[in-house]
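Naming follows writing order (A, B, C and D), and every chain is counted from residue 1.
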């Protein structure tokens, strides 16, 4: 059983999706989704423990040894990402039950859960595989289902948002396919470990850098790194609340993971940073993303859109961590994958609670919500504190490592930008807090607190924000180990 | 409808051959070009031709949308099911060798079943796409 | 001879692609896209990829075209003239193409048997497939067995698309729009319950005539 | 055939860019999907071109024949998968177009943008 855990982690949700579609009873479909999401969490957690204890796990699908067959390879980095994805799936699914019943017509709910599990399956499949073409296949599973999920939002602009995402996502995927093809033509293999072995032996040529460029641009499109982020704000704003909470906290994380995997495992840090001079491109983009997108966020009237722009800025932090190409920097980036999932998950879920009761997430509709929905808004404030990076929250841990990594290389202006980004976050979170706590509630509206099935998952994430903010030894331990392995130091 | 006799008779003659050809492509995929995916598309094309000539309503009576939708899901389950069977027999996921006494037959059975899964899903999906688009009415203004 | 066919088909592909850009009647553009698929299927045959050619012909020229025509019947087929000159897209495309051409400069020439692509994993399939799998078509054995997991993923992708398309299209006959004071307004949301019931048209209400425009 | 050198690749890159251009420069949502199809089909040609061996034949064994050069089967397999993914993407994209047309009454990007504000 435990030997087959890697494949079961992915395949059980994969089978659950058609089942959820076939039963055609909304609540039963939901139960199937819940079961598979919790299974994934259990399996991902078990795998992470196993990897941390015994080192990398290999699983040959079809019993064909790599590179002839497709292989699953799990090391601390992707076990970590698997855990993030599975955790968010496990928290969002219970939350989705009522939230989706409110936002979607009943006959679509079984298909909704099928698409939701497929998205989860795809993301898990991308993270776990050791074969570059298999990445593409699972990327498409997650993307196609994500396009459909986003299009289900109540506003008609959800449709155009989904279309825009589909076009940009397909361009990204096609670029990735081109990159894979160019790698394949020069090496004759599709296995990541095999590629990592063969690539350094090739003499200098012009094809590999081009393959590298196409892969980077393609993944960056999926990642929504500034300036290729145009699809993200609309998609996050108009998608159903549960979908936003799930996709915002997982899809971009998996894309960051792909960058890490290609930069460090497949091409190697030396090629990526010494030959391709990647840091000279990534760092400025990340810094511009942090500053400009935080500024844009301040001017938003729709809180989901505000949080979406903040997400683009936060992606900047993760990429900034990568661009240092040091153990500290990577640790910060990998930590922030998890931490940002926790904080953005909590914030978007709080907004989902508001949507459930108020029917809108525009700032002007939140007058006095601090009194009408105290738990929801408290969760929002707590998530906001974490986003800002106040001590005792996970946000602080991420920024602490990020600043350390910057100072380690003497880049104090970069550290300053990180701090300015936090100050800007104070401004946009305050905008919401002010309206919610210092304006009078409309007494006729009769708004009450959100139901428990929405509040409990939201608060679970809030508690996690503080839990891992107070005792970060477990998360930092994994992130540091992952960073060391990626940079091939100390092993 | 009556003014399209040639179309209807032509289709009547063609469709059985198209379906037969699809089966040939499915089962000859080991020896020549073809396989589940191609067969599924050809099968679907034959059926779509039927729907185009005889009308969507007739086609939906012959093959209800619900059945098509079940097909699309069923194929995935068959494919993954082969994987679970190999797990149950003590092999790795999708390691067909364990399906029979000797590896070669195991591979043969495995490929037969997964290609069947592909056929069913692809046929179901293509017809489901067609139903979804053709069944949508133009906006009335 | 092969070279001649190869070059001829490639040139035809170029002509077709350029014609598609220029064509503003979308029906014509879709038909030309079908031709494009068919031509590339021909090219695949020349390049020994018979399985791929088969699929491309069935999908590209068949199913895709039917879906496109189905869409055009619903959304209209005249493309508007672009309002401004697309300088930025042109720049992006020239840059991307330039980078790709640069990347090919060190690529092994077309058809050279010494290419690394032919030497690492592929020969294993060609040599071992016959006794490891036992079927003559190596494409099938790689597709269904060596890389069978990819194919399962592919089947799942198709299923995901079905789920998506049904979520978007299957339920409800769609909203009705009316013109009020010169503005289009949606009057019936498709989430409205009465409309949801009207989907299963297995009766015969609109049986014989699916659409007006696509039986040519 | 080796005489053709890199010519094939360059033509294929040209085709890819024609598709890519249609995809990003055109405002009609259906035309964009057509562009995407051309872009992807051209990438398929790129892969198949890589797998060709001069004087080779399709990778299907024929009984009793020796010393046959077979073309590389791997790109064929990858592209079979990619074709399926491509048609799945177009189907989903087109269904979005249909819904956008129902919601906005147009499939031209600039008109939709005017309305969405």
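Here is the rule we go by: a contact is a pair of C-beta atoms (placed from the backbone, for glycine too) under 8 Å apart; a residue touches a chain by one contact, two chains touch by 3 or more.
Everything numeric here is computed off the predicted structure, so don't read it as measured data.
Chemist: Could you let me know which interface, A-D or A-C, is made of more C-beta pairs in contact?
Modeler: A-C
Chemist: Where the centre means the average of the CA atoms, what chain is farthest from chain D?
Modeler: So the farthest one, by centre of C-alpha atoms, is A.
Chemist: Suppose each chain is reduced to the average of its Cα coordinates; what separation in Å results between chain A and chain D?
Modeler: 29
Chemist: Indicate the whole-number Å distance between the mean C-alpha point of chain C and the mean C-alpha point of chain D.
Modeler: Computed value for the inter-centroid distance: 7 Å.
Chemist: For chain B and chain D, what's the span in angstrom between their mean Cα positions?
Modeler: One centre to the other, that is 23 Å.
Chemist: Going through chain D residue by residue, note those that touch at least 2 other chains and give them in order.
Modeler: Touching at least two other chains: 16, 20, 24, 50, 58, 60, 74-75, 80-81, 84-85, 88-89, 91-92, 94-99, 101-105.
Chemist: Show the residues in chain B shared as contacts by 2 or more other chains, in ascending order.
Modeler: 31-33, 37, 69, 73, 76, 80, 83, 93-94, 96, 122, 125, 129, 132-133, 136, 139
Chemist: Taking each residue of chain A in turn, which ones touch at least two of the other chains?
Modeler: Residues 14, 17-18, 21, 61-62, 133, 137, 140, 144, 147-148, 151, 156, 178, 184-185, 190 of chain A each touch two or more of the other chains.
Chemist: Which label fits the chain touch graph of this model best, line, ring, star, complete or other?
Modeler: Chain contacts: complete, every pair touches.
Chemist: Across the complex, what residues on chain C touch chain D?
Modeler: Residues in contact with chain D: 2-3, 6-7, 10-11, 13-14, 17-18, 20-21, 26, 29-30, 33, 36-37, 40, 43-44, 47-52, 55-56, 59-60, 63-64, 67-68, 70-72, 74-76, 79-80, 82-83, 86, 89-90, 92-94, 96-97, 100-101, 104-105, 107, 109-113, 115, 117-118, 121-122, 125-126, 130, 136-139, 142-143, 147, 150-151, 153-154, 157-158, 160-161, 164-165, 168-169, 174-175, 177, 184, 186.
Chemist: Show me the residue ranges of chain B that touch chain A in the complex, using the header's touch definition.
Modeler: Against chain A, the touching part of chain B is residues 69-70, 73-74, 76-77, 80, 83-84, 87, 91-97.
Chemist: Enumerate the contact residues on chain D facing chain B in the complex.
Modeler: 58, 60, 80, 84, 88, 91, 94-95, 98, 101-102, 105
Chemist: Along chain C, where are the residues that touch chain A in the complex?
Modeler: 99-100, 102-108, 115-122, 124-125, 145-150, 152-154, 156-157, 159-161, 163-168, 171, 186, 191, 193, 196
Chemist: Which stretch or stretches of chain C touch chain B in the complex?
Modeler: Its residues touching chain B are 50-51, 53-55, 58-59, 62-63, 66-67, 70-71, 73-74, 131-137, 139-141, 143-145, 148-149, 151-152, 154-156, 158-159, 161-162, 165-166, 168-170, 173-179, 199-202, 204-211, 214-215.
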